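One chain, subunit A, appears in both complexes that follow, with subunit B as partner in the first and subunit C in the second.
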Partner chain A sequence: MWKKGEIILAFYINSKKIRPEFKRMVLRKKIIPWLFLLPILLLHLFVTIGPSISSIYYSLTDWSGLGTAKFIGIGNFQQLWFNDKSFISAFSHNSIWLFYCIITFVMALLVASLLAPLKKGGIAIRTVLFIPFVLSSVVTASIWRNLLNPDRGIGAQLAKIGIYGLDKAFLGITKTSLFTVFFIDNWHWWVFIMVLLLTAMQNIPKELYEAARVDGVNRWQEFRYVTLPGIRPTLFFLILMTGIWTFQTFDYIWILTYGGPAGSSEVLGTLVLKNAFIRLEAGYAAAIGLTMSLFSGILVSIFVYLKKKGLEI
Partner chain B sequence: MKKLLLWIVVLMLVATFSLVGCKTAPEAVEAEEVAEEVEEEAAVVEETPVVEEEKAKIVIWGDTVDGDTALTGWEEDIIPQFLEQNKNIEIEYTQQPNVHETTRTALLGGAGPDIVISYGPSFASELAKGGYLYPLDDFVKEYGWDNVFAPWSLTSYIVEGSLYALPDEIETLVLYYNKTLFDEKGWKPPTTIDELLVLCKDIAEEGIIPFAHCNAEWRPANEWFVGEFLNHAGGTQVVYEALIGQGSWTDPSLVYSMEILNEIVQKGWFTGGLDRYYTTTFDEQLAMFGDGKAAMNIEGTWSICDYPNYFGEEAGNSNDWDWVPMPSVTGEAIFDVGIGSVWGINKNTEYPEATAKFIDYFYSSEVQGRLLSGVMGKAPAPVELEEKDLKGVDPRYAEILLSLSKAFEANNYGYTTWTFLGPKSNLYLVEEIEKVWAGDITVEQYLEGMQEIFSEELEAGEGLPIPVR
Partner chain C sequence: MILSLFVIFALGPIIVLIFNSVKGSAELGRNPLGPPREVIIENYPDAWETGNFSTTVRNSLIIVTGTVSGVLLFGGMAAYSLAKLKLPRIVPNILIIYLLVISSLPVQLFLVPLFVLWRTLHLIDNLLGVIIIYIALYSPFSIFLMRAYIIQIPGDFEDAARIEGANEWQVFTKIVVPLSWPVFLSVGLIVSMFAWNEFLIATVFLTKREVFTVVTSYFAFSKRFGVDWGLTSAAAVMMIIPIISVFLIFQRRFIQGLYQGGIKG
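Right after this comes the complex of A and B.
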């Protein structure tokens, strides 16, 4: 019978023999992958995590962006959530923008479902449709600023042939400015959603469609009972990302309307910039940024909760 | 099999590098020979040591928006002429995109150019309070800058008793008009606000747009019109008292001034309507003005350099422009004073004396005159300029600058908002006026909000020093 000490000694001696192999295995499977990831993780730490943590600190201070920051606790958040009308207005515009994104998804789903079964010419059509996406926002904004010119643009040309009502300066009217900017932004990026949905549709097994046709379904029923369930994970993911991106809307607003006229297209992104760099209230801007992250976090939490509840998303 | 393939790949790589080494061998030999020659020369140099004074290096950042004309002006005129007199100084001038934000980021990191150019006194004030700018008091005494600059112009750059920055690019706003159109129609340029309103009505009845104004490409353009009407229809003394906290932005004369502006806007006298005001570009605006589709333009002296592109044969018309002071309630000629940019010295500069020397050269009347008339068409700093310094300048522009100088001496000046208001007040003034124009708030509510924000800034010590009137 082995005594305890002999067992430990035997294990040690034996482990000395198996240790090198064990060590190599641990090194290969556990440590080396992290070493490969380390450079990008360090970069991420310095460029993203570090500033994010400092942003949390600065949101609790009265800071102009220069010099020392004075700690004021939750003063910025109190002002922001309870007293700042421009914040409420900007948040409502972001929410309206999210609602407008229904148009993006309807367009993307429709075109993707039309393109999915296409064998000839599908790639060419996709390529042409993708052109707006590769243009920069400055170029796209410039193009549409001219196209929407009430004297020389599309509306003016239509008016010449008797179609009236579109020769207006939509970007300069408070009631239409936000939707007009959304329209231009949507022109730019709807095809991105479409391409992802198209890829998801093309991964649906063809047998399901064949089986459905055998059962005598029409095109709409095919879309509803085969296509939609088949692309559900991609669709929900894109809805989640769209929700998050909506709160980050900035570039087209800034280029085309600066948040105007009369604040009618102000969004949280432009509010952050104005507070940080024009009003020189960087601490307050950090509080707005953190609030935007909170909204995104809520969306992600809803997504995770639904997934845990068993919803296939 | 996999191991064999791996060895083949390794051997191929080794062979490839070897061949590269062979190919560069003659170059390597040549490099060795050159290196030997350099070593011999260095040895000769070492035998005869020469004491070389270290050159002071000044780094200056301009903005890419200034364009190639400015870059050429710096590289071929300003810098070489200075270096001829100062052989122990080296200057590096580059243009950065969005230079103010680039400079701010660099300063926060302890770096940045030696000369810090910022776009306004409020930003310069924040830099000074944050400890990023070098105090200039000693240099003021050494170079006599208090005698070089217009007395009023240095006040806004004093922080806690020390001067930290110097103003550049003096600006004012006037009423430009299409002279050819006015002559054709027999219109007389207005001197009072009442005359202006009557004239606008006459112009509109002719189917011509009274004002070519827009803010599509520069939203803060609102501050031009708000500032002009506050000062000229409300009164410069009232504005002054509001600025120093002894008066109120809700003064009835200032309410009147904003109501006049609102009336003009509601009648569509700005570019034919608010929607057009918000969507017309500068190019379209000036084309409208040059072609005679619009009769007048309230804008700053910075716009004069664009007018040759829109008036005259080159622009495809036979029109000409002229100017009058922006009308006032009494008819007196008033000029609102503005500063376009501000210069300071980086607190971490290694060569503050050399930098100050360059600044003194840059702000001399001779250089300012050269910059204005030929080199870059750049607006001068608020320094004393003589008529000889204005040689080559459009006589209309020269007349504006001389009139501005005289107006200041006679106390007939007003306050541009971007020069004399703190950042929060100025942003409020620019943005909220659109809500007045949209009918969302009244003029009284607008000015009450202005008073509230201005008072907060003043109490927090974020207001700017105002020259004593």
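Right after this comes the complex of A and C.
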């Protein structure tokens, strides 16, 4: 004979109660992936997306950062793009900086191509070269500010042994301030590009090099016809990202020259902060921020367009 | 060889820093760049006291721990979802584009409204406020890395667990996370480095001395004591020793992680 519990169980299984259970299980399967994504999406919304959208709104207002914002349409942008010398100057400095990055890529390509064929020794050298990258910008800035000191730095020591002309206060001269800051920033981050290029180079099939060697090419031709094409996607991607990152450059300018002397090293990144927190023109600062993003967007679009056109990027 | 030139270029300035940190001011005047003839260690305790290192190191450690925990937890969850869980087909692609766009947005775009928002929420001069920002900033890159790794874990382990009745959270914590420890380690290292060294957000959002990080404190320090190379060098050395040591121990994972994140991103 069936026990009481078994009868109830049989009733339960046969009853319609089982179907909602099943529905709930399927629903859970669909919701759970989103639940895993939810925390980080909410966080992004809160910290990045929300404020970015606010920025778009505030860029159309006259707002000091405190109190209410007065809507003025594209007034900020008109002022910024057509009437503001400091903006045009900063923008040109960012562009010049991008041009300076050619040096970074030359260094990176050179060292990467020297390290690529090495095996164990290569790793040790790579590690040592990477050490400057893990230093904070304040420390790097401090080290180099001292090294470039006109009275006690490298220039001064060179002058003592007869090499003149390098004992100037490069950071304090309008003509050289931007390049000097770039030089110091470059010391910090060129390895990052180098390591990425190095790994790309190491992924080039060895057979291609062997084939080239059989054809009797020299080192430069090998580099031009095997290495460069082999790393092309990585190289172009890095050039794009460098373009985007350099327009956001901030740390070293702020720490070393504060945009000076006389705005000779001002960049868009520092201009935003100065407008927002010192001139108390938060709406205007938002307009600058938006302009920066627009420019990044243009760079990305050019990249995607070239890629679509099949320019094997 | 050319490589040795680059090595000198990379290490030289740091070696000079270490030299200078053990020189007294008299010797610094005579010998600003070379090896010290007399080793003085007073600069270190001096810098520690004056630079308020006990507080700032604690602050930086809190920020790093909080940030890494948040990124590994929330980022890991998102990576797991994007890698393994069933979302409508186009969603992972959309989300990847979303993460790409977010990582190329300049900080300056959302900095000001974020600052105002934080001020309303009393999160300025608050370590937690900075931790939240860092988690948001460093998670796209981390999610890329973690997803790429998790996606290649064979699904058999999870399926076995699911058959045994485990719910998704248990599958995540008891199967996927332990199996993904290499990428979690890489991400942890890289995020630690960024969080320890970060300057812009720390400067804007932490304005009171008690909440200064090692970085912002050193910035103020070098402005005040810039002339005393011995002191500032010692402070700098104390700041970089932890990160360099961690880097040297884990260098392979560091560089591998940065490479994979850089390329995938």
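Everything that follows uses one rule, which is that the second predicted complex is superposed on the first by the 277 of 313 C-alpha atoms of A that agree within 3 Å, B and C clash if a C-alpha of one lies under 4 Å from a C-alpha of the other, contacts with A are read in each partner's own complex, and residues count from 1 in each chain.
The definition used in the following text is that a contact is a pair of C-beta atoms (placed from the backbone, for glycine too) under 8 Å apart; a residue touches a chain by one contact, two chains touch by 3 or more.
From a predicted model like this one, the values you see are computed outputs, not experimental measurements.
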item: Three-chain arrangement built on subunit A, subunit B and subunit C clash or fit; value: clash
item: Touched partner set for A:Gly230, first subunit B, second subunit C, both or neither; value: neither
item: Partner chain(s) touched by A:Gly65 [first = subunit B, second = subunit C, both, neither]; value: both
item: Contact breadth on subunit A, by residue count: subunit C or subunit B; value: C
item: First, second, both or neither for A:Gly243, with subunit B first and subunit C second; value: neither
item: Partner chain(s) touched by A:Gly155 [first = subunit B, second = subunit C, both, neither]; value: neither
item: Subunit B versus subunit C as contact partner of A:Thr127, first or second or both or neither; value: second
item: Touching partner for A:Ala169 - first (subunit B), second (subunit C), both, neither; value: first
item: Contacts of A:Phe36 with subunit B and subunit C, given as first, second, both or neither; value: second
item: Candidates 95-103, 221-229 or 239-247 of subunit B: the single one with C-alpha clashes against subunit C; value: 95-103
item: Intersection of subunit A interface sets (partners subunit B, subunit C); value: 65, 145, 149, 277
item: Touch list for subunit B against partner subunit A, complex; value: 101, 104, 107-108, 122-123, 126-127, 129-132, 216, 219, 273-279, 281, 423-424, 427, 431, 434-435, 437-438, 440
item: Sites on subunit A touched by subunit C in the complex; value: 29-30, 32-34, 36-37, 39-41, 43-44, 46-52, 54-55, 58, 65, 107, 110-111, 114-115, 123, 125-132, 134-139, 142-147, 149, 152-154, 156-157, 187, 191-192, 195-196, 199-200, 234, 237-238, 241, 244, 247-248, 250-251, 254-255, 268-269, 272-273, 276-277, 282, 285-286, 288-290, 292-293, 296, 300
item: Contact footprint of subunit B on subunit A as seen in their complex; value: 64-68, 145, 148-150, 168-169, 171-174, 257-264, 274, 277-281
item: Residues of subunit C defined as touching subunit A within the complex; value: 1-3, 6-7, 9-11, 13-14, 16-17, 20, 28-29, 32-33, 73-75, 77-78, 80-82, 85-87, 95, 102, 104-117, 132-133, 135-137, 139, 143, 168, 172, 193, 196-200, 203-204, 214-215, 218-219, 222, 226, 229, 232-233, 236, 239-240, 243-244, 247-248, 251-252, 254-255, 258-259, 262-263
